[in-house]
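What follows is a structure written as structure tokens; I'll ask about it next.
In order of appearance the chains are A, B, C, D and E, and numbering begins at 1 in each one.
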Amino acid sequence: MEKLIEVKNLKKHFYKKNFWGQNQGVTKAVDGVTFDINKGETFGLVGESGCGKSTLGRTLIRMYEPTSGKIMYEGEDIAAIKKNKLNKFHKKMQIIFQDPYSSLDPHLTVRDIIAEPISVYEKLSDTEIDLRIAELLKKVGLKSDDMNKYSYEFSGGQRQRIGIARALSVNPQFVLCDEPISALDVSIQAQVINVLEELQEELGLTYLFVAHDLNMVHHISEKIGVMYLGKIVEIGDSDDIYFNPKHPYTKALINAIPRIEQERVLKLDRDVIQGDIPSPLNVPKGCRFHPRCPYATERCRCEEPELRIDADGHQVACFEA
Amino acid sequence: MNYKKQLSRKKRDKIFELLLKDKASLISVIFLLALILVSVAAPFLPLDGSKTDILHMLESPSSVHWFGTDEVGRDYFARTINGGRISLTVGILAMLMSTVIGITVGMLAGFSGGIVDGVLMRIVDVIQSIPWLVLVTVISIFFKKGLLSIIVVIGFFSWMEIARLVRAEVLSLREREYIQYASFAGVKSFIIIVKHLIPAVMPTIIVSASSGIADAIMTESALSFLGIGIQEPLSSWGKLLQTAQSNLQNALYMAMIPGVLIILTIFAFNKIGNVLRVYWEPRVSEV
Amino acid sequence: GGKDPVVESASTVEAESAVSASGSSEQKDTSTADKGNTFTYAINGDPGESTNVITSSSRWDLSTIKMVYSPLYMYNADGINWFLATEYSTDDDLTYTFKLRDDVKWSDGEPFTADDVVFTYSEMEKEENLGWAYSQLVYDEGTVEIKKIDDYTVSFTFPFKTPTALEMLSQVFIMPEHIYKNVTDYEHNDYNMNTIGTGPYQVVEYVPGSYVKFKRNEYYFKGKPEIENVVFRIIENSDTAILALQSGEVDAYQAIPSEVEKMNIAENNLSTYSYSEGRIGYLMINVKNVPDQKVRQAILFALNKDDMNKASYLSEDYYLTPYTFLPPTSRFYTENVEKYTQNQDKAKELLKEAGVTDLTLKVGYAGSDPAQTAQALLVQQELSEIGVTVELDAADSTALSAQMHSADNDYDMYFGGYIMGIDPDTFSSLFESNASYNYMYYDVKEIDDLFAKGRAENDEAKRKEIYDELQAKIQDYASFYPITSNNKILVVNKRIQGVEDAKLVPVYTFEDASLLKIVE
Amino acid sequence: MEKLLEIKNMSVSFEKDKKTTKIVRNINLSVNRGEILAIVGESGSGKSVTVKSLMSLLPEYAHVEADGVYFDGRDIMEMSPADKRKIYGKDISMIFQDPMTALNPLKKIGSHLIEVIKRHQKISTREAKILAVKMLQEVGIAAPEERMKQYPHEFSGGMRQRVLIAMALCSHPKLLIADEPTTALDVTIQAQILKLLKTLHKKEDMDIILITHDLGVVASVADRIAVMYGGRIMEQGTKEEILYDPKHPYTKALLKAIPKSDTARGTKLEAIAGSIPSFADLGEGCPFADRCEHASVRCKNANIGRNIFSETHSSSCVLKEIEKIEQGA
Amino acid sequence: MAKYIFKRIINAIPLLILITMLCFALISLAPYDAVDAMTTPKMSPELIEMIRQKYGYDQPVYIRYFKWLDGLIGGNFGYSIVNKTSIYNDLASRIPNTIRLVLPSYITAYILAIILGLIAGANKGKAVDKIIDSFASVSLAVPTFWIAMILIYIFGYKLRILPILGMHTVGNSSLIDYFRHFVLPYVVLTFGFLPGNIRYVRASTITEYSEDYVMVQKAFGASKAEILFSHVCKNALLPIITKIGMALPALVTGAVITESVFGWPGVGPYFVRAVQGMDYPVIMVILVLSSTLVIVGNLISDILYCVVDPRIRRGA
């Protein structure tokens, strides 16, 4: 399959600086990540809160400036492109946010919201824009009359559709979906997922789908990457990860997911890992997961495992797996 | 587009609803409108507040002089009206000035962040460190006296609070995803500021602008009271109060009238600020 | 040419009285015992701890000094009143020899001698001391020479003959040499408010901004003062002062007519004493900014000083209307000058002749002075009638004089007032070109020449002629507009008696406060 | 079965700006001794309002009406505020969704616990302290003695939730109401808390009302489930009945909309069309009517029948057997 | 915590230096200086030069700045150019008077504000709250000098039961006399400080009441009183207590207008007098002094906050 994006050893560190510009601490939100995304596929990214999923996604589309590493987009390193030359890529790479409230300006009408990216990339007349927007709204399951309403007049699911319409307004190839369903009610989530899937089919989109709901990620993704504290600890085929996790963290994660299938209901009396997620301000030495890992050895404590590929393309960063 | 009309009607209804809900706001609006009307009309009315008349000095209110005359025989009613005019002018213009500066600095600091933010905020710190009355008083002596200087002095040294508020708000707005998206999408900073940030900080601005008017009126009164405010023959309410001070014994009303007017005006501006803020908040229109 | 002789208390040129804001007063609740032998005088300025004999020149500094120190003699309109000296003699009208009292002690017990007199005058003659009487003692022709003849005799030798000599030597208060001999900075030292003097009183307490409290000098050479304590209560806010006066909290206050009007004189057991200080209240035109004489004349013709006086002093009991720079009470005063009786048509015509349209004038006045404020408002209105815009600037009096002081100030006109001496020559510091208080900033040789001539002329009749001409000249030059010669009104509680004996004099209020009495 | 809590026909409405909005509509609900009852439902369906009305935590402008709310045989609605306070925190305790803000930031963890202990038990501070340490240990906080001296901000979210549970536990309550206790937490931490709750339920003989919108969580811990929508209870039953044999169209639709591990990738989820109605727009009828594929005019009626399927299983729907209709259609 | 405090102090220093520079720049820009005030056109240039030297005006600006700064630090504030008095002595005698007036007023206002604010905040929306809140918002609009005038009119002119000016009757230093003078300005000043503080306390109380932990406490059976006194009160007052530092500058310039109206021999009238008389050295000293106090006050506030708020104390 054709690779759309290849990420190589990408790092994003946030520096806390004082008034004089001195560093006062580093948050290693993304700390050396390597993976590929194929054209037309959905790459799911899971991990607990604060592990750097959003940061990774946003650095990938150059919403954040990468600290180091390469982001090859169709063979071109967009990490090396100057900020003011990025427009070309931003037209191809769009984003859908988690919070359908804070991602839409409450002072603007739906039309103005969706027209915003269009007017940056294309010179269109007002009527052309109106037409385009009407079409987009229909595509995401809204009425073209909704154009003149304000975002606060919509429900969460509808708002998320507006966000999707905005992302699609410039005909991107790649869309970063940063937890697009986490803030939605269960009965609404499916609507949005369906819209996303339909659009992928119709437009051949590639998604990076960030979420912590593993059930959903499993459902929508071809591949899944599992992140822990700024690193990807396991990448693999969606079913592989879901049914046959190799990394102890992935295992714990999968086990911790509450499910309604009778046979897979969370076994509370076992399989629950202990301990809290450490802060990215203070990453443990060695394997990042070792303080919580039931199988940690001496080696895990001092040496950091790298992702290893096995025969079927499944990658794990664990000495023991 | 019909929808837009409907929307504007909805908004109009909203403001009436807000006003009717709170009697004090309604009265404030009516009072201020009347005040503004009178102030605007004052030059066209047969009211000469500077005509001295040494034959009729310090007279009590009468049918000729509704509020009596002052110590050089000027009609106190005319002076009160003109005083209101000046006080309002000072209030509104100084507020505009401080608001514009405050928004600019606050936006710049909040939006640029980093060193620009640091430097600007340090400047704000420094200026704000000087007690305000002291600062305005000191600065006012460097300026040529006059209405304009008072406006400039007050306006120029009361923007720090707005700048701080705007900055704080912009800093948090910057984290909002719709702003992040706009800058991601390559929308020019200027447009982001105008289209997204300004409307979002508007409620804050409205409130501090309305209290800014009130503050400016108060400041002007205080300056006039200390004898470094508005110059003769212009009057302002503060100036009138200052002169009234020596006539408390024989003409208390000379102090009561401008005093009560100041209180009402300031109260009204604060009230209206709150109504406007509620009006501006987008979610309110939902109801 | 001859330089100016002496200007008496030159520095009491004031831009007009003082200040709004604070002060203090109370109601009477003080026990009579407390109040009993105390005379409380409300003053509207703070003498300040820098008050000293050499440099102090403002009204309340001098009043304080007058309480504590004595001069050789006072020289007022009615002649000489002897203090530390008892008589003088001169043989050649150049050297004046004074006999001093030999029974005077400083309040610390040290004897007063001629050394103290020589010391004081010598210090006054040092330019770097910035003494107020410097210009009365030091001339281009030479310096007045001071000599101790014996312990109780001193002589002063003038470099040239002048009819004003006695006035020039007067009013200098003698300070104790044994206290001040090592002082170099008269304003800042430890002795100023810890006074050792020869006056009727001694400072016992000074609270800045509040009051100066005096205790009588038991050894006062003119006899033990009747009243035990005198308090100068600093009340800058006139409204308060009035209230305090009416309630008996203070015993005396210098009021203005509108205040007298407001007060209930009879009911509150008060009496008023109106006295002339020979003061002239004026409007000056800054010739630098208004160089055209026609324009200046136009301005003066537009004004009406009767209205101004009526508005600010209410009744003719309280003022005289001067038409020249001399007070009408001066024996050299003449009304044979251009009076600039209001004539607006003429004013307009003059403006037209001068080709001036759209004239805007910036006028400074002391905002805290009700009289000047009223006058300024009238000036504004009257000038607007001939099409001249007046921009009023209510300044603080100190600030205003400070600005007038600098030659390149941006005022076109200012209000002010001065109290000079008896002799017309004492006015030269205001009217000679380059004189220290010539705020008109003109340079007219004729005027300078006339002053010089008058100073050197010893014949009374001839002098009168010279000064008649001078007064006419200055009026014609039209940069000086005398408005008023107002009286001071001292309102005194009736329990204080002997005001006439103590004698009300310009600037100091009482010539000899030791003569005041209290009757309950 | 013995009932610890029984809510009879309770309604809650809010009155604001002279407008009254009925939120909770005539619900009947009970908690049996020895069970964990889960209330599931979407955001805004009235779950929190229901339990807050039990705890008298609603603002003054809320009006609660009921034929009776019996706890341990006594009607809470009839109790005086002082009497109520005697059972709150003692017999009934409640923990909340957001552990980050549920503790007073200026009070030490220890004093939180001691305060609660001393409120309901007449013991000395020293004894209370010992008890507090014991409680912290019980909920799995290591080094409890040191932890007592720390402030809430020094605790992670999961730990704070444990502290709250410890606070709730110290008076051995008969009923613990847990309002979305794990929503704000990460999955692995959520599992820890759920495990803790379940353990305590058994060990301490404490009944639990667990509120959540996550059916997975319900499946893991609940004995019985009540499904809420638009202020009504749509369906009630044992876990098995609700999850594996749902009767109400809403429950069914909800379950279908969730991806199962065996649904093949690429297959469409069966989404429920439409959006959640706002209370202002709701009539007396079935709140789900607008989105229900089986809705008819009858659904707008006030009297929605109650279908009883078993002793434990009932639903509020005009339809008896959806399967039959589907077949018939 | 020590580190945090140290850092705060270090951060305050450049600010202080900036302030002094700013003030000095203002003096240097002033339309006239001490020497101008002394010289006359007739004086010889040599003498003028001599005076300049005596007062150090012949030196470059930066040297003068350092000398001035050095003077300030050493308590030599220079001399008034109007009165020629030592500014240090003037202030030394006036500041205590100002403090005597401001401090009790401030404390009273504080206590009242805390009581009223807590009452209002705890009863949000009820009648008491509405009354207190309206009182606060109306009084915010009342100029203090106007209140002062009205009080003077009533108690000084009309009823004549209280003295209206100054701090003492001369020669009467009894406490009663002082107290009678003190009452009116004290009331006015208290009234001036009150409304802002009430609003602050009220807002802070309301915010605190809306916090989740309050609900949690209710759920754990806490009574209203327990919640108010053992939780809300402390949390709501914490930011207010820490504001105490901010009151520091008020001790010098907090009562300019009130003091002026009542002739209280504090810094107020002195300052106003200096401003009117363009007495630059005095103005600048007061400017520097009060700005310094603001910075020091902020510092104290921050430190207090750090001491009382565990989040900062332990966190940072």
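Quick note on the criterion: contacts are C-beta pairs under 8 Å (C-beta built on N, C-alpha and C of every residue); 3 or more make two chains touch, one makes a residue touch a chain.
These numbers were taken from a predicted model, which means no experiment stands behind them.
Q: Check every other chain and keep only those touching both subunit B and subunit E; list them.
A: C
Q: Could you pull out the chain whose C-alpha mean position is farthest off from that of subunit D?
A: The most distant chain relative to subunit D turns out to be C.
Q: Roughly how many whole angstrom separate the Cα centroids of subunit A and subunit C?
A: Each chain reduced to its C-alpha mean, subunit A and subunit C end up 88 Å apart.
Q: Can you compute the centre-to-centre distance for subunit A and subunit B, using the mean CA position of each chain? Integer Å is fine.
A: Result: the chain centres lie 48 Å from each other.
Q: As a quick test, compute the distance in whole Å between the mean CA positions of subunit D and subunit E.
A: The computed centroid separation for subunit D versus subunit E comes out at 53 Å.
Q: Pull out every residue in subunit E that's touching 2 or more other chains.
A: 31, 157, 260, 272, 276, 278 - these are the residues of subunit E that touch more than one other chain.
Q: Two-or-more-chain contact residues of subunit A, please, as numbers and ranges.
A: 19
Q: In subunit D, what residues contact two or more other chains?
A: none
Q: Return all touching chain pairs.
A: Every touching chain pair, ordered by label, is A-B, A-D, B-C, B-E, C-E, D-E.
Q: Given the complex with subunit E, which residues does subunit D contribute to the contact?
A: 55-57, 82, 85-90, 93-96, 98, 101-108, 115-116, 119-120, 150-151, 153-154, 164, 167-168
Q: What does subunit B use to touch subunit C in their complex?
A: 50-52, 54, 57, 71-73, 145-146, 226-227, 231-233, 242, 245-246, 248-250
Q: Tell me, which parts of subunit A touch subunit B in their complex?
A: Touch residues, subunit A against subunit B: 19, 21, 61, 63, 86-87, 90, 95, 97-99, 102-108, 112-113, 116-117, 120-121, 145, 148-150, 152-153, 166.
Q: Taking the touch rule as given, give the residues of subunit E at its contact with subunit D in the complex, in rising order.
A: Against subunit D, subunit E makes touches at 211-213, 215-223, 226, 230-231, 234-235, 238, 309-311, 314-315.
Q: Can you tell me which positions in subunit E touch subunit C when the two form their complex?
A: 31-32, 36-38, 40-44, 47, 50-51, 79-80, 82-86, 89-90, 93-94, 156-157, 160-172, 177, 180-181, 259-260, 262-265, 268-270, 272-273, 276-279
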